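The following pair of complexes shares a single chain, chain A, combined with chain B in the former and chain C in the latter.
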Partner chain A sequence: MFAVLLPGIGSAVAVTVYVILLLAVESQAAIAGLLVAGVIAVLAAARFGGMARIGRSFAERENAMNLVIILAVLAVTGFFYEDHFILLLMATVIIYVIACLGLNLQFGYAGVLNFAGAAFFGVGCYTAAVLTKNTAMPHLLILVAGGVMAAVIGSLLILPVLRTRSHYSAVVTIAFALLFKIFLEVNDTLGGPQGLPVDGMNVLGWEFNDDIEIGEDFEIAFYVNYIVVGLIVLALAFTFVRRLERSWVGLNLDALRLDETAAACFGLNITRWKITAFTLGNFLTGVAGALYAMMLGFIAPTNFTFGDSLILVSIILLGGIGNPWGLVVATTILIILPEKLQVIQEYRFLLFGAMVILILLFRPEGLLPRPLRTYLPGWRPK
Partner chain B sequence: MDVGLFAQYVMNGLMLGMMYALVAVGFTLFFGVLNVINFSHGDVLTVGAFTGLATYLGLSAIGVSWAPAQVVIVLLVATTCMAGLGAVIARYLVLPLKAAPALNTLLLTLMLGTVLREAVRLFYPLGANPQRFPPLLPTTAYSFGNFTLRVDSVMLLLAGLAVIVGIHLVINKTKLGLAIRAVAQDEETAKTMGINFTLIVLVTFAIGSGLAAFAGILHGLYYSEINFAMGLLLGVIGFSSAIVGGLGNIYGAIIGGFLFAALQTIGVLAMPFASAYKDVFAFGVIILIMAWRPTGLISEKISERV
Partner chain C sequence: MTGAADGLLVSRDLSKRFGGLIAMDSLDMAVRPQEILGLIGPNGSGKTTFFNVVTGIYPTSGGVVEFDGKDITNFSPQAVYRAGIARTFQRSRLSLSLSVFDNVMVGNHMRLDQGLWFNLVARKDFKRQFEENFERARDLVKVFDPPLGNRMFEAVGTFPMIDRRRIEICRALISRPKLLLLDEPSAGMTHDETKALMDDILEIKGRLEDLTIIIIEHEMGVIERITDTCVVLNFGQKICEGPYREVAEDRLVQEAYLGIQ
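Let's look at the complex of A and B:
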């Protein structure tokens, strides 16, 4: 029983130590060396069947492994408890994973194209900004409100998205992404190009934006608050997406993506499932946006460009379309790498672009391809 | 409103429409032969404009200062280089993904666009700043009341018109055009009729990308300024125009281009109090048109095969 878990726990410990090392070292040469070592280790593990065993741990003991991952994130957080910059990075990764889970519902399961991810993220951000400044709504509810707002604004696009196919529906969301950013820039009520300030989160009188002081000189950076809340939201969203994927709803969405016409022939209501996936996806993205805005304390239209939407799509693709675990890996790489490897900071869009092109050409299924659907727990093809 | 001012808006709108139409024709050509959207098209335009600028600087450095010669050489170098770039993109990036899902090609070309745009920003000297584009055409202007007619604008408009007519003739009256139309209609049958499919695809991408370079130079000459990010918006607008017209239809693309320019101009004219919203208005109308006619104004004739 325990033997199945061992490779998973072992890999989690190894990755935790590796991430801590990577975040802790400052010298560019050391970081580059660590990265090379990491790539070699992964390739070696894949070569000698280690990856397959780790995959089995995750597939068969999912609940235990989820717990291990959460513990690992908390361990890294604990290690850097007073380092603002690194904690901000970690919180950003967590929030982006939530947003990408939403996109994953749309792209990965239902096959609904959405090139306006950053726009719906932005809707969540601006909702949080307006609500924290102008109303006394409890801040946890504002998270939900951000999601609802994104879903509502997304519903404006439902009709054109439903009626169009492939390239034609791409233009609808691309047009919306551009429209949204231009609208923010010229709209004075929402701050114009300067953006808006956002209040920090406050739950039951607990100010999230104050450092936590324990005793005389033991201080914990305030980002830890957001990491904890982010982790809770992420755990909820992740469980939700996984359950959805495994249920008959997920099965319907898969059928829809693989062949719309055939799915319709088998009596699936295409309209209903497309609306479901699109709305739920936008909701998750909006929730992530609201949390992000409260953490940053300030938002501006430049955070929500078409380029940012493309980065979200690249994360989905890099991770392996339809695989939530792939998202986690891809987001971590795409957010942390350019921040740590300052040499490439300036060139990051160029390198991301080149990387996605290479992946599309040589490994179109992504880093962690989505495994086959298992209908019975523990069942494997003989 | 004053007639002269109105004429000024119309002139500006026509110029914009010409640029959009040129870009849209490229999109629609690519879609015709290969059923793909090449999203790097707008950034090929940027690279074309910067190639033109670099050529001009090179010419000035070696002492060629006769303006007509400069215009011709700049245009020739930029269009030829971008035609080559287009063919390379088709050969090494788009054709290998022919069997993959449409989303992959879309993403690949979007990312290629990012790479081109960033390459211009990072590797062109001071590429992050807007660059002044030299006035290579006579800038004499005639005033009629509020309306100023600049000779170079008229020349640009006529040149654009000539190029569009030229493309029309190539597609409809030549053997090459026949082959392109055949491939667009049915790849398999075209192959059995002895048409070299790969060659036709490469030539089509070369023609489309050459058009983009031409539009880029047009943009530079008209606004006297180019920057690394101009291709993104122009590309999206060109794509929207091609889609609104109906992909795969050249006339649809031209109509779509002028329609988008008209929308922007109307946006400014009808809402002078909110002229900043002209792009919001234009994109909003595009989304509405897509909801109303999901496969464009002139829709392609397809039947769903299972």
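Let's look at the complex of A and C:
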């Protein structure tokens, strides 16, 4: 039994050490060297069947591996416990993965391409800003409210999205993404171009935006709070999306994405399932936004440009359409790489564009292609 | 003409126009319960159009479709399916990236619990329903081809054409429809494969006595072998009907196929 787990745990340890090294090193040459070494290691592992074995660990001992990954994230967090910049990066990755899980539900499963991801993320952010400043709503509830608001605002788009197919519905969402940013810029109650301050999260008197002091001179950066809450929300969102995929609902979404006419001939109510996927997806994206706003403490329209929406979509394309683990890998690469490798900071969109083109050309299913559906993990036919 | 009373599926004066093109012209047709009816005719004679109109993919341009005594004219595809009509498609419309089981289960939509709570939270109940349906799907697939039953969780795209056709027919049959519409099941298959598939269809028909089948087919050997009666279409009109032997002798039919003046 344990033997199946070994490749998974081994790879998790290796990746943890690698990520710590990558984050800790400052010299640009060393970072470039590490990146090259990482790519070579992955290619070598793939070449000699290591990837397949790691994949088996994840497939067969799912709960154990989920736990291992959470521990790995906590280990990295512990290593950088006082480094604000790196912890902020990590929390950002976690929050982006939550947002991308929402988009993945829409695009990866139902085939509704949403180019307004950053806009729905922004709805969550602004909801958090307004609610923390003007109400006494408990902050955990504000996370939910951010999601609900994103879902409600998203329902404005449902009619035009349903009336159009594939690329055209994408155009509808592009229009919305642009409208949203302009709306924020001209709307004075929402702070206009200057944006709005947001209160930090406070749960039962615990101030998330204060550094955690233990004893006299031991301080933990406050971002650790957000990493922990982010991980919890992520775990919930991940479980939710997973279960959805592994149910008749997930099957419905796949069926209508792949062939609407055939799906209709077998009784699928296309409208109902598209609305379900679109709404649930926006909800997740909105929750992520609310958390992000509370962490940053300040939000402005420039955080929610069309370019940011494109980053979310490229994460999904890069990671593997429909594969939640792929999102984790792709988000980590797309968020951390430009921050560490300052050469590409300015050219990040060029880099993302090039990555998407390369992926579409050479590995259209993404870095981690989505496996076939297993309804019940570990289940075998009698 | 067959009386409406003894028909499971009856079309009266059914027409379909695409702009100026009349794809189906005042078609009167009745399919008796439990028979296998062959729908034949040259390319473009309106056979698939008939299927598409009956299953609600195209709205009618005129006329009535009755199924099991109910008027189903212009029903949505979903409603037609719930009424008990399932079909296959000429260019097999399976989802190649999904597993055999997934594809068959799409056809079972109306028998699966679709609530979000059931699917996401009540996973014990879901497991029970999943297992029941897995057994049913596997048993059905095994009627066609026993080895296929051991490969339920492999992507359909990895299977040869004959297996895909079998899977597509299973997808149509899993919901236990009263009427099965087969649109050229032999398309793209070799002679031997076609024969094997027809054996399968006859085997299924033997087990499911109540099942009524309409089959569109170009291979006359198939039609001769499995149909009880045939309807011949040409330019959207019915030009002949009766058992295959009679139909094949008909002068109009020969003209339609061979162009004899």
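Assume the second predicted complex is superposed on the first by the 374 of 382 C-alpha atoms of A that agree within 3 Å, B and C clash if a C-alpha of one lies under 4 Å from a C-alpha of the other, contacts with A are read in each partner's own complex, and residues count from 1 in each chain.
The rule is simple: a residue touches a chain if its C-beta (ideal position, glycine included) is under 8 Å from a C-beta of that chain, and two chains touch if they have at least 3 such contacts.
Please read these numbers as outputs of a predicted model, since none were measured by experiment.
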First, second, both or neither for A:14, with chain B first and chain C second: neither
Which of chain B and chain C A:259 touches, first, second, both or neither: both
Which of chain B and chain C A:251 touches, first, second, both or neither: second
Which of chain B and chain C A:41 touches, first, second, both or neither: neither
Superposed model, chain A: greater residue contact from chain B or chain C: B
Which of chain B and chain C A:165 touches, first, second, both or neither: first
First (chain B), second (chain C), both or neither touched by A:51: neither
Partner chain(s) touched by A:269 [first = chain B, second = chain C, both, neither]: second
Touching partner for A:64 - first (chain B), second (chain C), both, neither: neither
Chain B and chain C footprints on chain A, overlapping residues: 259, 261-262, 265
Residue ranges of chain A touching chain B (in the complex, touch as defined): 107, 113, 157, 159-160, 163-168, 170-172, 174-176, 178-179, 182-183, 186, 259, 261-262, 265, 306-307, 310, 313-314, 317, 346-347, 349-350, 352-354, 356-357, 360-361, 364
Chain C contact footprint on chain A (complex, rising order): 240, 243-244, 247-249, 251-252, 254-255, 258-259, 261-269, 276, 372-376, 379, 381
Residues of chain C touching chain A in the complex: 55, 57, 76-78, 80-82, 86-87, 89, 93-95, 97-99, 102, 105-107, 109-110, 112-114, 116, 119-120, 123, 126-127, 130, 134, 138, 152-155, 171, 175
List of chain B residues in touch with chain A within their complex: 31, 37, 93, 96-97, 100, 102-104, 106-108, 110-115, 117-119, 122, 232-233, 236, 239-240, 243, 247, 276-277, 279-280, 283-284, 286-288, 290-291, 294-296, 304, 306
